[in-house]
Amino acid sequence: MSIVTVQLFASYAESFGGPTLEIPLDPGSTVGDLVDNIRALPGAYILPESPRVAVNRRFASFDQVVGPRDEVALIPPVAGG
Amino acid sequence: MSIVTVQLFASYAESFGGPTLEIPLDPGSTVGDLVDNIRALPGAYILPESPRVAVNRRFASFDQVVGPRDEVALIPPVAGG
Amino acid sequence: MRRAAIVTREIQPAELMAEVRSIEFGAISLFAGTVRDTNDGRGVTAIDYSAYTSMAESELDRILDEAQGRFGVSAIVVEHRVGALALGDVSVAIVAAHAHRAPALECTRFVIDEIKKRVPIWKLEHYADGAREWVDPTASSGVATA
Amino acid sequence: MRRAAIVTREIQPAELMAEVRSIEFGAISLFAGTVRDTNDGRGVTAIDYSAYTSMAESELDRILDEAQGRFGVSAIVVEHRVGALALGDVSVAIVAAHAHRAPALECTRFVIDEIKKRVPIWKLEHYADGAREWVDPTASSGVATA
């Protein structure tokens, strides 16, 4: 079991009450497992059915393996421009 | 019989050797008649099959009637931008 | 704000943008045509632009009318320069502003495309080999510069 | 010249144009997004933009890579501003230059469309009625501002 730090921004940071989450994950866990764990937390009502997750500054698929050395972020609906 | 002044520009002015032509026309003549008369002049080799003609600052069709009170111009292929 | 002009001085794109800018709009699209150093494979050293000025301004006005009808863009400014232009000089600039980006972008494209089809402006290109030629985009070898 | 940046200072579109300008190019296309005073029918008084800056810059770089591949445009600069923006402020500017106009225009449009889909930037709108809301273009009532 290790801890993955997840960065939060904008509406997600407000909903979860801070700029990061510390999520415990078994080795070999995927982005999908991470999202499942996050869904159990208070504030998770804000997440859509398939929230976008970035791993090492790229959008990641739910089957991508993720661990404590990765830079992980939950990406709210973007609204640039 | 009256005289219609035709403005020339760019390559047409060079080909006909000046900025205007004075073309005699019968009353009720059309743009097509005007072009036919111009074709008889030296320098007319430069004209394409259907040269563009402007009457009163608008492109005109060959069946439009034209007379000495109109502002008439022969428009070479445009190349703005 | 709607304005179309043939000018003999330098075109300042930033000033045209300032003309259309407003807090009602979220999008500004600008297109600038500049004199480049080659055309159709030949080295170009300068271009003389000339126009049938009064008709060119009327035709530009008609194009802006049509653009407003098609895209609902009321804030649009276009200037086309004539005279002796050097490499890099701005020959034409179009700026359109709208609440949303699609109409602004499409309007700008429409206006430059129409200018190239029907505004009575001509260019005499001067080439590196000393030749000069009137550009004829309708000729088989003709290639538009911008 | 290719550059993408998230900035906190005022964006100067004319300076971005100067960066891409060259006598090799005949066409410059610029798009600027600005803060407008209404969105989805509500009066807007200001917008706070925030970003996941490092990823936003990487994602902008990838978009410019793709644009270069699609349109052959190598001269392109994009800046997106973050922080507290006032009405009328430029939030984003994209400038592309190319020998010909179609690639420059299409490149600019592609880049702004992609920015709106996938660059991690967010805006918190402040409304005339005192409310504030994170803009969500994926929500049913969401309307893109520019």
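The chains carry the letters A, B, C and D, assigned in the order they are written, with residues numbered from 1 in each.
To be clear about the criterion, a contact is a pair of C-beta atoms (placed from the backbone, for glycine too) under 8 Å apart; a residue touches a chain by one contact, two chains touch by 3 or more.
Here the structure is a predicted model, which means the values were calculated and not measured.
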Smallest number of contact steps required from subunit A to reach subunit C: 2
Chain located farthest away, centre of subunit D as origin (C-alpha): B
Cα-centroid distance, subunit A relative to subunit B, in whole angstrom: 72
Whole-Å gap separating subunit B and subunit C, where each centre is the average of the chain's CA atoms: 26
Multi-partner residues of subunit C (each touching 2 or more other chains): 33, 101, 112, 144-146
Multi-partner residues of subunit A (each touching 2 or more other chains): 81
Touching chain combinations (by label order): A-D, B-C, C-D
List of subunit A residues in touch with subunit D within their complex: 7, 9-11, 14, 48, 54, 57-59, 73, 75-81
Sites on subunit C touched by subunit B in the complex: 33, 49-52, 54-56, 58-59, 80, 91-92, 112, 115-124, 134-139, 142, 144-146
Residues of subunit D touching subunit C in the complex: 13-14, 17, 21-38, 87-88, 99-101, 104-105, 108-109, 112, 144-146
